[in-house]
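Structure record follows, encoded as structure tokens.
Here the chain labels run A, B, C and D in written order, and each chain numbers its own residues starting at 1.
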Amino acid sequence: MMDFLLQYFPEQAGLLSAEVDAIYIFMLAVSLFFTVLVVALSVIFSIQYRKRNEKMPEAIHGNLVLELTWTGIPLLLTLFMFAWGTAVYIKQVRIPENAKEIFVVGKQWMWKIQHGEGPREMNELHVPINQPIKLTMTSEDVIHSFYIPAMRMKQDTVPGRYSFMWFQATKPGKYHIFCAEYCGTKHSGMIGSLYAMEPADYQKWLDERIKNPLEPVANQPASSSSVESPVVHGEKLFTELKCITCHSQTSGAMGPDLAGLFGRDVKLEDGRTVPADETYLRHSIINPADGIVQGYSALMPTYKGQVSEEQLLSLVAYIKSLQSKKN
Amino acid sequence: MESKKNYLTNGHTVGSWLLTIDHKRIGILYLLSVTAFFMLGGFFALLLRLELLTPRGDLFTSDIYNRIFTMHGVAMVFFFMIPAIPAAIGNFVLPIMVGAKDLAFPRINLLSWYLYIIGAALAFVSIVMGGVDTGWTFYTPYSSTYSTSAVTSAALGVFIAGFSSILTGLNFIVTVHKMRAPGMTWFRLPLFVWAHYATSLIMILGTPVIAVTVLLVFLERAFGFGFFDPRLGGDPVLFQHLFWFYSHPAVYIMILPSMGVISELVAAFTKKRPFGYEFIAGSSLAIALLGFFVWGHHMFVSSQSMYAGIVFSIITFLVGVPSAVKIFNWLATFYKGSITFETPMIYVLGFFGLFMVGGLTGLFLAIMAIDVHVHDTYFVVAHFHYIMVGGTVMGYLGGLHYWWPKMSGKMYNEALGRIAAIGIFLGFNLTFFPQFIAGYLGMPRRYHIYAEEFQIFNILSTGGAMVLGLSFIIPIFNMLWSLKFGKDAPANPWNAKGLEWTIPSPPTTHNFETTPIVTEEAYAYAPHDKGGH
Amino acid sequence: MSTANTKKFEPLQHHFANLNQQYECASLGMWLFLVTEILFFGGIFLAYTIYREMYPDAFAAGSHHLSILLGCINTAVLISSSFTMVMAVHTARLGKKHATTWFLLLTLILGCVFLGIKAVEYTEKFTHHLVPNNTFHFEGFDGPGIRIFYSIYFALTGLHALHMVIGAVILVIIMIQNMQGRFSAEYNSPIDMFGLYWHFVDIVWIFLFPLLYLLGRHA
Amino acid sequence: MSAHSHDSQHHGGIGIYVIILTALLVLTAVTVWAAFIDFGRFNTVIALAIAFFKATLVMLFFMHLKGSSGLLKLFVLSAFAFLAVLIGMTLNDYATRHWGSQLEKDSWITRSPHHYADAPASSANAAQHH
């Protein structure tokens, strides 16, 4: 029975796929039971109480006990469904610390992916199995949604901020990647494939891709053609764009010291305290005026339009890495 | 009695129809316009299904396909589902049911129809100008900055049609509160009126928010105001909050009137007072009010915070319970009834099966763990079609057949009616059940080109769509046929209780000769049950 | 009632039992319409709330640029027009036709004064490139929030001004009808209903003024 | 006057309207004055409180809500209530978004699920990059 059912399920290739399928099967059972109950009762009553003579039936106003039972039972059932569903949802949303970070940028009708070690991919994602993978995603234009049916996971990529998603492949193979949020003409063409590989194979693929990278992606600026990790690329940009002049970690520098900034709460000039997550870092690069740190004047110019999403990802990755260099 | 002029024969000039303030004529005007839009939306649906026969996009280009599914959505949601039962059947029947000569504001009722027509004209202009390709949800930033299609005129069309819905809701609430016949206490009102009262509350409290949202999108698109555009600092997720604050209660605007119709049909064809009348009436109000607290379940994966998602998820489960209560109460009414199976009753049985599947799959989607997997896939498409077509359209057609003798004075063809009902039920299941399976397998919605492994389900679905399309044509012929060849309808063809069955069919312009005095309780079928509480 | 040319105006419509039922229906209908208006403006107040949380500095800077003097005068003008409107309703109920006409005229004048001041503010914004289309330019603050502040400012005050213009047009019609003697002590619900609408438009401005003009003044 | 049964009682005449007019003008002055004093986060609260008070004054007296049926009051309250639902639940989303960024920190809801512990310590090369 189970394998009959499983052919109508996408590949259970993710750590949580089985748990999601378990809830789904439970819900199928509950729905089947109630649908059969209602349909059977309506058929039985229709046959049993079909009109036989002109006598009008007795009026039955209602029965409070019955009402309470068929309000109570569905209520308890739904609360149980809620509890189980939320428990699995928290696992789906909570990203383990030891996850390997991969950057994903959705652009109208393609997925641009970059690994922590540097190699870039277009519409393809190679990952090792049995290791949590954290996707830091954003979009360059409209809302897309990175969807891997085999992992039972999807997350919208919203332009203007970072959104996160994690999965852990358990079975090697090639799986679909779809764009699930309507994004324009070739929304149905914005697809790709996920290659889950044994860690050894993955490492071989990675080294090979670092040695001779694919030719640079068409519209990438020349400076990023060499395959360097976002952190290294970010550091280069940090000096190129002269961020170092103000954020020079020397005392009396015009800009706040960025080492160890990521993850800390930052007190702003206007009294708010904001957690310094990736979205805050990206926002401060593009719209510095909105988040001036307390004690500093609004000198920083905006870099909007001068940096692409990939460069922003590299800068954010570099700033985050400053933390590890310091402690 | 026949010689007296009834509302149909009271004036034949075009002006007497286009400038009428008689709620019955306005109901007929609405009936014609919503049927036209139902056929337009249905035509787009058939084009979609034909295209999806094959994984490759070989009938249309992607761009045209996107415009077709958007226009299918806009035509069906804004111009058929929302006005269908309240404006076409409700306008006609509700004043008579409460014992009034007309709605509280007849002229505003006519204004409501003209606003609907202006909104429809603007939507038509956008179709002529190449259609809209944003989906009926108009998600920004695509709809406000990236789409090059005629979004502006479609947005204005939806904006104006929204006010038509507001005015209908306003009219119903005032009529139910202030225009009831003497003796018609709240608990003697037919359940149809309760359902429309709850629906009107949603129309009043929800529709203005979609009006202002569409206005903000218009301002952003036309003048560059920066509300939802991330490049100007706006947040697209705020649009989703504003949009779904209305659009989820809007699905209750679509289903509650149908539930009202089902309550009437169940009572009339089992010749019994509905079991738990107060609970059915109460659950209509509960659905209407709770419906405003659940919109976030459309946004579980839209980078909405986890905690907000949990709150929306639990309340979505709570709003599911009243629907279950209604189904069980209708079933209990069957018990010890005297059931006959004219066409409306076939639609009721069809409604039970389809609405059960629709409602329960709604619980699937309320579970966040499953919704993360099936959001924006064909599982969702199948779910809301089971509720909209399985729930609302079955209720609409059931109600149309039930009150047709009263509206037109003619009896429709019983056999043809039953064939259509069964055809719709079978065709519908064949169309949408395979989509549940394709959805869970991961087939995303709004896809012009899809992966090969989903093809078998799409072929079945297209086959079903042909059967469904044909079955929907039959009732239209049945009604037109009845106008010419149907037997003259008596005042009470179903031997049912209700003020609308105490007046001749078709009724006179002023409905009642003398204002009726209501003495017995609602649905007083049982012989000795004279004293109503 | 000396209505020379128009056929005798019959206040009670055919489908109502008596004038009182007609008045209660009109009153409930008008209040329901105001409920929809509250939620209509509510949508933009939500956008205001969210973006003010996101860009507090930008909203403060934008608000500084608005002239408090004109805002205060406008608030006082609108509150007084509310007063004259309620006086008009009061005198209409007593059947004093001329007093009602005067108060309606006063309300109209105050309404036009309000719109005049609004026009002054808008032209000042147009000349200083503060209209949030692509010609938008604002010195002193270069974040995106400032452009959103002005988008919300123009959306809110624009919609409010539109409601004022519609109100003024209806006010003129009612004034003419009043002078024609259509209203009496028994039948004056149109004036009453218009009064409700006018007071609602005043209430919207009562919320608009502090939220837009008085931001961050204490900094 | 019988036509409008509901407001025959508070036919208090012009006096009440003048009082309300002056109250509204004074409250406007108070709002402006309060805006220039730094109450920190409370500035907004005060401004809104005064605005709501002025609005209720207008509704109760100028719009004759005071003497009218409970039904009208119920509808007005429900309008503000559903507006509060719209703003409140949307703020609930925006306010708790930043909680997500503390997911890594160990709090009772985000304690690292035990079964990840046995996932193979991420392979050597991935570790050195963090």
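Here is the rule we go by: contacts are C-beta pairs under 8 Å (C-beta built on N, C-alpha and C of every residue); 3 or more make two chains touch, one makes a residue touch a chain.
Remember, it's a predicted structure, so these values are computed and weren't measured experimentally.
By number of C-beta pairs in contact, A-B leads when A-B and A-C are compared. The distance from the centre of chain A to the centre of chain B, with each centre set as the mean of the Cα atoms, comes to 35 Å.
Mean C-alpha positions place chain A and chain C at a centre distance of 46 Å.
Taking the mean of the C-alpha atoms as each chain's centre, chain C and chain D sit 22 Å apart.
Chain A and chain D have CA centres that are 32 Å apart. Shown for chain A are the residues in touch with two or more other chains, namely 90, 93, 287. For chain B, residues that reach two or more other chains under the stated contact definition are 177, 205, 209, 233, 235, 237-238, 241, 303, 306.
Shown for chain C are the residues in touch with two or more other chains, namely 24, 28, 32, 35, 39, 42-43, 46, 50, 54-55, 143-145. Contacts between chains leave no pair untouched here, as each chain touches all the others.
Contact residues on chain C toward chain D in their complex (touch as defined above): 19-20, 23-24, 27-28, 31-32, 34-35, 38-39, 42-43, 45-46, 49-50, 53, 68, 72, 75-76, 79-80, 82-83, 85-87, 90, 93, 185-187, 195-196, 199-200, 202-203, 206-207, 209-211, 214, 217-219. Within the complex formed with chain B, the residues of chain D that make contact are 71, 78-79, 82, 85-86, 89-90, 92-94, 96-97, 99-100. Residues 177, 205, 209, 237-238, 241, 245, 292-293, 295-296, 303-308, 311-312 of chain B are the ones that touch chain D when the two sit in their complex.
Every residue of chain C that touches chain A in the complex is listed here, in rising order: 54-58, 60, 141-145. Residues 269-270, 272, 287-290, 292, 302 of chain A are the ones that touch chain C when the two sit in their complex.
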